[in-house]
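Letters A, B, C and D name the chains as they come in the text, with residue numbers starting at 1 for each one.
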Amino acid sequence: ACGDAEETEGTGNTDTPETETDTETETDNSSEGEASGDEGASEKLVIGFSQVGAESEWRTANTESMKAAITDAGHELKFSDGQQKQENQIKAIRTFITQKVDAIVFSPVVETGFETVLQEAKDAGIPVFLADRSVDIEDDSLWATFLGSDFVEEGRKAGNWLVEEMADEEGPVNIVELQGTVGSAPANDRKEGFEEIIGDHDKFEIIKSQTGEFTRAKGKEVMEAFLKSDGENIDVLYAHNDDMAIGAIQAIEEYGLKPGEDIIVIGVDAVKGAFEAMAAGKMNVTIECNPLFGPQMVELIEKHVIDGEELEKRIAVEESMYTMDQAEELLPTRKY
Amino acid sequence: MKKLSLDYKQLPLIATMSLFIVMFAIGSMRYTGFLSTQVFLNLFVDNAFLIILAVGMTFVIISGGIDLSVGSVIALTSMVAASLTMNAGLSPWIVIPISLSVGTIIGLGQGYLIHYYNLQPFIVTLAGMFLARGLSYLISVESIAISSPFFDYMAGTRIPLGGGNFISISVVIALIVVLFAVYVSLFTKFGRNVYALGGSEQSALLMGLPVARTKILIYTFSGFCASLAGLVFTFYMLSGYALHANGMELDTIAAVVIGGTLLTGGAGYVAGSVVGVLITGIIQTMIVFEGTLSAWWTKIAIGVLLFFFIVLQRVIVLRTKPK
Amino acid sequence: MLKSLMKSKLFWPIVILVIILLINLFFDRGFFQIEVRNGRLAGSLVDILNRGAPLMLISIGMTLVIATKGIDLGVGSVIALSGAIAATTVADASEGSLAPLFAAIALAIFVCMVAGAWNGFLVSRIGVQPIVATLILMVAGRGVAQLVTQGQITTVYYDPYTFIGGGYLLGLPFSIFIVVAVLLLALFVTRKTAMGLFIESVGSNPEASRLSGINSKNILMMVYIFSGFCAAIGGLILSSNVASADGNNAGLWYELDAILAVVIGGTSLMGGRFYLMGTIIGALIIQSLTTTIYSIGIPPETNMVVKAIVVLIVCLLQSPEFRSKVFGSFKAKKAVESEDDKGVTLS
Amino acid sequence: MKEQAPRLVMEGIDKEFPGVKALSNVNLTLYPGEVHALMGENGAGKSTLIKVLTGVYTIDKGTVTYEGKDIHVKSPHDAQDMGITTVYQEVNLCTNLSVTENIFIGREIMKNGRIKWKEMNKRAVELLKRLNLDIDVTKLLSSYSVAIQQMVAIARSLNVSAKVLILDEPTSSLDRDEVKQLFAVINKLKSEGMAIVFVSHFLEQVYEISDRITVLRNGEWVGEYAIEDLPRLELVGKMIGKELNEMSSISKERKSSVKGEAILHAQNLSKKGRIEPYDLELHKGEIVGLAGLLGSGRTELARLLFGADKADTGELKISGNKKVLKTPKQAIANRIAFCSEDRKAEGIIPELTIRENMILAMQGMYGWFKYISKKRQMEIADEYTKLLNINPPNPEQLIKNLSGGNQQKVMLARWLITNPEVLILDEPTRGIDIGAKTEIMKLMVKLSGEGMSILFISGELEEILRTCDRIAVLRDRKKVSEIVNKDHQTQHEVMTEMAGGV
């Protein structure tokens, strides 16, 4: 999986200089070439992509997919990594504008606070494509479309699965929750969606909820603490991402219980690790949050910029949900 | 080392400035569209809040202290401003003073603890850092988007400088703060006492300087700057968010120290810190212009640039030191 | 007796630690119980030691750096680096042979010590201020770590590796033995050789030390290398414990916790006297605080506030000025200074 | 003047530090227009008394009456507001500020909220003129020697119109010209009705300037005397509690002309801007003195021999073979020791104990692995604590808690312990009481007798004349001449050379 990631990485780096040299010519005529730019779907675009950072392997997979898609389609990529800082992303977008790119793709680190810079982009006549995460701004003319997952929905999926799974249990079902980084969009929404569903069934109770900061180490540490205080009477673990779930699974095992049997484990993201865990029967389900929508995105960009089509304001990435029994055969096919 | 940089005190400043120019030149040669007034102005537009932070921090560091709380105070201020504006629906004329008082009070508290219980600034302000961020979480874990005419105005307004170039109101605020601080540090008793304090607190005490007042005032001022920066940041982001400005205290300290201020206290210039901010800003800009760097290469690149910069600065200082 | 005990630098940290533990007892009767579960000692106290191991290690290194009036912001990144290197080396090693394990450990430790040397070089030879010098590594080091793991979370399927941070020896977590070993090493070098004396004198008055014929540059070099060494081991434990390496998140903000531990332990950031035992207790305080927060079900959004308040209380209790105000014990405000000469022997 | 009301009365003052009773039941009465000398051995409590008076330390017991009313001074800031200005023993200024600022900070010349730098610089120059010192006041204080710094500290205190002026060993590093100037100023202030406290270990200075004397002996109040009722020997007796056989007892058979080969031989060694090229020979068992006025470059000269600074030109021969000393470490390895004049900045390690400070240099020689056992350290510490009777005689006391003079003694011990072949002493007797001074003189003579070569820098010509075989005279950073110390003639020669030829 990482293999081809590296390849795209590698090529990306090797032809840096030459892409740069023709950046100049490119950007120069792209400015007046704007009007006459419509003929030929094979036209080469300069696309700026402002990524959040590389906080999780999900994110890295997403980055690679996007980079690969753009360069493979023969467009020029201008990439900027935000290092999880909103101000960096804003700077990046500003710079893209000064560089007169043809389109801007970006995954906002947080939903709020991009009005000003998006306005600047709009004034400069550069279409903005939101990836993975949305922004909450009334004026939706500020972006062409939003392609990405719906965290709340993911939370609901998790909830629904649990409800069905536990249909014939007559409770009480004690749930412990491993939240993501406090305040981060996925954490908030996945919590919200999940609670929304299980809230209707009073046999479910969230007895402990603490942040595992999306990491294995913290996930494990927190789970240990949970087990210390509540031990056997924990029935379900709901983790806001697979990494924390994987960490927690180790904790459960070390504590002497069987993850997947004694404690039902629910994760989100469907990363490779989760499949391994499920294949080993240590994890019950993971809700997919698909990062590999690069090609889909490039398609949309070409549609909009070259053929001038208007796009839906919100396009969902097709995502599903994987359970223990599917894990076995799917494992080899997982790219990340 | 202290003695040395003291003897040739203006030197680091000059070194920093020249190096900034060199960097800008390199950038202009390397990337198209880099050599433009707007790119330069954007350094201010995008770092107005950092400049304000740096000003406050400069005083703290010159006095031999340190203030880690500033980043979180920004978050808290933005949170307070946002929730008061959106949830409580108060008018800016009430929101602004309240927001400004947030950091000021925290600063005051820190100063008080540091002086009267002589605790180590590092730890007290570290606690302040936790506290401020914690409080912003308590206000809300969600981010709060702000849409009020006033904030939109502050955020949106562009002050044209001709040739399509512009700066934002925040830049003006920042520059005013800088001028004020320069004056204070050079021409007021308080300003000089700060330097004395940094030189030797014991001496300052024995020379009969108002150590207590000065010290507490320093941290209060830094807190105030943090709040002001918080507001500017809020203008910039048009939102309040508990995770805003995470780790910005380090960026600030780096900027100040790069600007030629000694962490051991006693020597430094507000102006230097401003240049320091511009340096960190230009590093960021170059990274973006490079436009191919993955997350990790970005980090490495920042490190490398930082390294070259710092070493060059040292070398210049050492070379020019008469044998 | 009690008086001299009160004077010791360790007194208040210990008191605080005890208080925090007691608070736990209040919420969970069985907190202090240590039972033997399948041949291993298990119980909250063991966990705290086990979980706290990396922090204790890092803090030991940090103590010496701080004693020289320095500071090492790089440790967090070095942790990530060490984990990344080790994990990638053993990532797909075959079971059975232990060679890959030792290779990984050696490689990780070596690289991290080089990193430490790099810091030492910048500080001692080029004369860069410690905080900036190490800031470079803080930023770039994490980058390198991610470069090594290609931004993925490298999972390790090679069991021996998990022993470092997850294994048990004589019924105790192996990591505890590592800490003890490193601590003893540090204690030996600083108290049974003149190294401690030199470190303290360089930290307290560099020029005077130079004129007394002490090669402060090398001393600085060594403490930073040692700090790198400690961070390396800490990183190994952390990554081995979760059998994976996460370049981006491993050891995030550890530097702050470490510095906090050192200061709580009674070592001043102005350099000079240092108290290794104090540092250990400081680290334990921080760890038990974290564990407490997790186990007594504090809502995550209040974690920070709680931590802030505890830190403040800790510092205040250690401030003689505060104590004299509250308990009215000490007289002259300068009097405290001579507390220093105690405690040295204890640490 | 007795009939007028006292300006300041301290009665039954007690002050205890953990483990040390610094003051017990001490009294001090100050009248307007008098110079009141505060006398006592090192560690007698003089500085402490001054510090409790000016609110640096809190008073445990006792009363302070100022112009008739009881006062409780909380901080030096307070004291100044009340009109009590102080020059503390250790130079307590901010070396990171310019000379001007050090003089004015706290009471800058402001005009509508703005500091008037030009004016302040002008005033600063004038002020220093009064002490006839002519230096660039805009330069940082750190670029000047202790001596200059001490003068600046004095200038600062003269700059205010105070009612009480306290000078704690202001003259410890000045030579007679500076002192003369200072006394002129003091006398003027005195005639203006200021009450002045003067601390010094130089008896002749005390007898020259003061009207009354208060004597302390390790923390106890011995008595208050009018100067004329207390002849020197009696005073000394009261200070140390027993009779003292005066310095005159020091006599050494002077080495006649140099014989054999020099153990230390400098040939046109120099450092730009600091000291002109000079030659200097130092023979086994010989004591060579460096005489010169303040700033004449004695310290610089010495520093080159120790490798504390790198020499630009010239070469150094140690017992015949050529050596390049880049660092003090190398010098020490070659059995050279250097006791700096700047105790505070280049001497003590404040955070460490007496014991650790003593053995530091020796341990430095051994390297970090060969650790001197705690037991051995103890022995050494005890031995030298006795030898130099350091007070308190507790090797585990932090050196920063010692009195100035005692710190100086520890510094001496540090170097004596390394038992070097060449011992360079830069103002070793600074701030040391006569008793100890005599001891040190004796010690030097004894050591040189045992074959140690000593380079001795001192502001006090008598000390040099009394102990040295040869005297090198410096003027304006240049070694101008070398005089063999034979008869009473020498003093005159040396002084004319110092002053600048005929």
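Points to keep in mind about this one:
We take it that a contact is a pair of C-beta atoms (placed from the backbone, for glycine too) under 8 Å apart; a residue touches a chain by one contact, two chains touch by 3 or more.
Chain identities (UniProt): B = Sugar ABC transporter permease YjfF; C = ABC transporter permease; D = Sugar ABC transporter ATP-binding protein.
Just so it is clear, the model here is predicted, and its values are computed rather than measured.
Common partners of chain A and chain B, by the touch rule above, are C. Averaging Cα atoms per chain gives one point for each, and the point farthest from that of chain B is the centre of D.
Here C-D and B-D were compared by C-beta pairs in contact; the pair with more is C-D.
Chain B and chain D, compared by their mean Cα positions, are separated by 44 Å. One simple way to say how far apart two chains are is to compare their mean CA positions; for chain A and chain D this gives 71 Å. For this pair, chain B with chain C, the centres built from the Cα atoms lie 29 Å apart. Multi-chain contact residues of chain D (touching two or more other chains) are listed as 56. Residue positions 146, 151, 248, 301, 303 of chain C are each in touch with at least two other chains.
Contact of a single residue of chain A with at least two other chains is seen at positions 9, 53-54, 60, 63, 182-183. Contact annotation for chain pairs lists A-B, A-C, B-C, B-D, C-D, with touch applied as defined.
Against chain C, in their complex, chain A makes its touches with residues 2, 5-6, 9, 53-57, 59-60, 63, 179, 182-183, 207-211, 213-217, 220-222, 224-226, 228-229, 243, 246-247, 250, 254, 256, 273, 276, 336.
Residues 9, 12-13, 16, 19-20, 23-24, 27-28, 48, 51, 53-54, 60, 63, 77-81, 83-88, 90-92, 94-96, 98-100, 110-113, 115-116, 119, 136-138, 181-184, 187-188 of chain A are the ones that touch chain B when the two sit in their complex. Across the interface of their complex, chain C is touched by residues 15-19, 56-58, 60, 306, 308, 327-329, 331-333, 338, 340, 345-353, 356, 360-361, 363-372, 396-398, 400-401, 414 of chain D. Within the complex, the chain D residues that touch chain B are 56, 75-77, 79-80, 85-86, 88, 92-97, 101, 105-106, 108, 110, 113-115, 140, 142-143, 156, 272-273, 312. The part of chain B that touches chain A in the complex is made up of residues 31-33, 36, 38-39, 42, 45-46, 137, 141-147, 152, 155-156, 233, 236-239, 241-246, 284-285, 287-289, 291-296, 298-299.
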